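Below you will find the structure I want to go over with you.
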Amino acid sequence: MVWNSFSDFLAMGGYGLYVWGSVGATALLMMLEPIIIARRNSALTTQLQRQFRAERNQHTQRRSPA
Amino acid sequence: MLALLKTVVARDLRLAMRRQADIVSALFFFIIVVSLFPLGVGPEADLLRRLAPGVLWVAALLATMLSLPRLFADDFRDGTLEQLALGPQPLAVAVFGKTLAHWLSSGLPLTLLSPLIGAQFDLPADAVWMLVLALLIGTPALSAIGAIGAALTLGLRGGGVLLSLLVLPLYIPVLIFGAGAVDATAGGLGAQAHLSVLGALSLAGLFFAPWATAAALRVALE
Amino acid sequence: MNNRLLNWFKFASPQSFFPLAGKMIPGFWALAVIFGVAGLYLGFFVAPTDAQQGEGYRIIFLHVPAAWMSMFIYLVMAFWAAIGLIYKTRLSGMMASALAPTGAMFTFLALWTGAFWGKPMWGAWWVWDARLTSELILFFLYIGFIALQAAIDDPRRADKAGAILALVGVVNIPIIYFSVKWWNTLHQGASVSLTKAPSMAQTMLLAMLLCALAFWMYSVAVALMRVRGIILERERNSEWVKQQVTMAAAGR
């Protein structure tokens, strides 16, 4: 372990802004990207589900005109 | 094959001559862009002399871009391109001819005009000649690489902007060695190496790019 | 050999790849997390302070892997593009389009972390150093690829046009890199290099490799997620998507 205290760790020997600026941007983007994709995929899935359900309903209605 | 090449070049040149206004507009675009720089950075002769090679080359890249969207668009619309693609000769040969015609109607006039602009920027005489030589050797590569972008964006909305997005990064080597040749001459160094690389880029571009362009055209024609 | 080829083509169909990708994603996520935690622990808690660059050098544990991935992903993209053009497999084109945004993101991260490293070391956020400049151009190439595919409505044409552009790009990257390097040596020599720490300690190298592995696994996981979305979108009118989607709805 190279750090004496937590504040030492945060300070990064005076390079805190630069090191944490890099880490922060990397972490942010690498978390955002999968979240955005997962959201888009599930939105697409629900949209397709709705579409298929509507198609099926139409189909059954047309089949039984009674 | 040679006959096809000749026909395509002659036909495209004839069409270009019928639309001289386009060529003249591109040339004036070149002149205006270059003239904006002294207004932007100030009229100090030393500074301008330093900037001239880069500014001239960047303006040449941009001016070449202007005429690229037209390269295949008309032939695409009237079905000529389809005829060429269905013909017995490789499409790449026709593309090579169109590339040559494009260079003759855009790169060559630019090259011929460049000494005037060089004089405006107070370049020494040997640097001006080097500029002409470098443009003469380097601009064919611009037409060849640009043709790939023109084929890829054929018939797309926003094609012009997209085209520059695709093509300008690929122009960087030509820019570096073209401007570098003039820089080296102005600094009293030899530009032999620069010119050799520039020539290699143009030859490689003229040889390989038509194949990629032809492939892209076939995709667009499907 | 023949058997393997058969398998390969079986999974090359979107229909069988879709569930397979779904099964593989959690595994790649787990690997990414394990490698990432190990790499960051080594890099931020075990690796000693650099004699020349102090603690600021720790940025390389993110920067170098991001830069590697940005180049590697372009190569993989071009590889899938070539496969798609030669064998006309639909999935390869989808893989190429799924990889591009992740590659662009890593290129951006390499530039960003490079700037944050450059500010204390060079005294400027941006230096026209050969590596940074090439990375910037690579970013432009990614943007061009994404923009071209976004502008084409027909997915088959988008795949093929993107593939041609990716291959043209991959041929040009070495040319661009060497011309930028030549340009850079003529104009100025960069003093400190980002990767050439004078004596790279074993732990530093190991941490960097672990982080690179983590980024790699992350890229695979994210690309698979994205390719699943692309498959759904493109095959939305096929029977198997209908089944898959209604099954998922019933399971929920």
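Every chain is named by a letter (A, B and C) in the order it is written, and numbering of its residues begins at 1.
In the analysis below, a contact is a pair of C-beta atoms (placed from the backbone, for glycine too) under 8 Å apart; a residue touches a chain by one contact, two chains touch by 3 or more.
Bear in mind the structure is a predicted one, so any value in this text is a computation, not a measurement.
Averaging Cα atoms per chain gives one point for each, and the point farthest from that of chain C is the centre of B. When chain pairs are compared by contacting C-beta pairs, A-C ranks highest.
Centrality annotation: C (chain centre taken as mean Cα position, compared with the mean over all protein Cα atoms).
Once the centre of each chain is set as its mean CA position, chain B and chain C turn out to be 32 Å apart. Rounded to a whole number, the gap between the C-alpha centres of chain A and chain C is 18 angstrom. Between the CA-based centres of chain A and chain B the separation comes to 44 Å, rounded to the whole angstrom.
Residues of chain A found to touch two or more other chains are absent. Against chain C, in their complex, chain B makes its touches with residues 148, 152-153, 156-159, 162, 165-166, 168-170, 172-173, 176-177, 180, 197, 201, 208, 212, 215-216, 219-220, 222. On the chain C side of its complex with chain B, the touching residues are 85, 137, 140-141, 143-144, 147-148, 151-152, 156-157, 160-161, 164-165, 167-169, 171-172, 175-176, 179-180, 182-183, 186.
Contacts from chain C toward chain A in the complex involve residues 44-49, 54-56, 58-59, 62-63, 66, 101-102, 105, 108-109, 112-113, 116-117, 119-120, 218, 221-222, 225-226, 228-229, 232-233, 236, 241-242, 245-246, 248-249.
Those residues of chain A whose C-beta lies close enough to touch chain C in the complex are 1-3, 9, 12-15, 18-19, 21-23, 25-26, 29-30, 33-34, 37-38, 40-41, 44-45, 48-49, 51-52.
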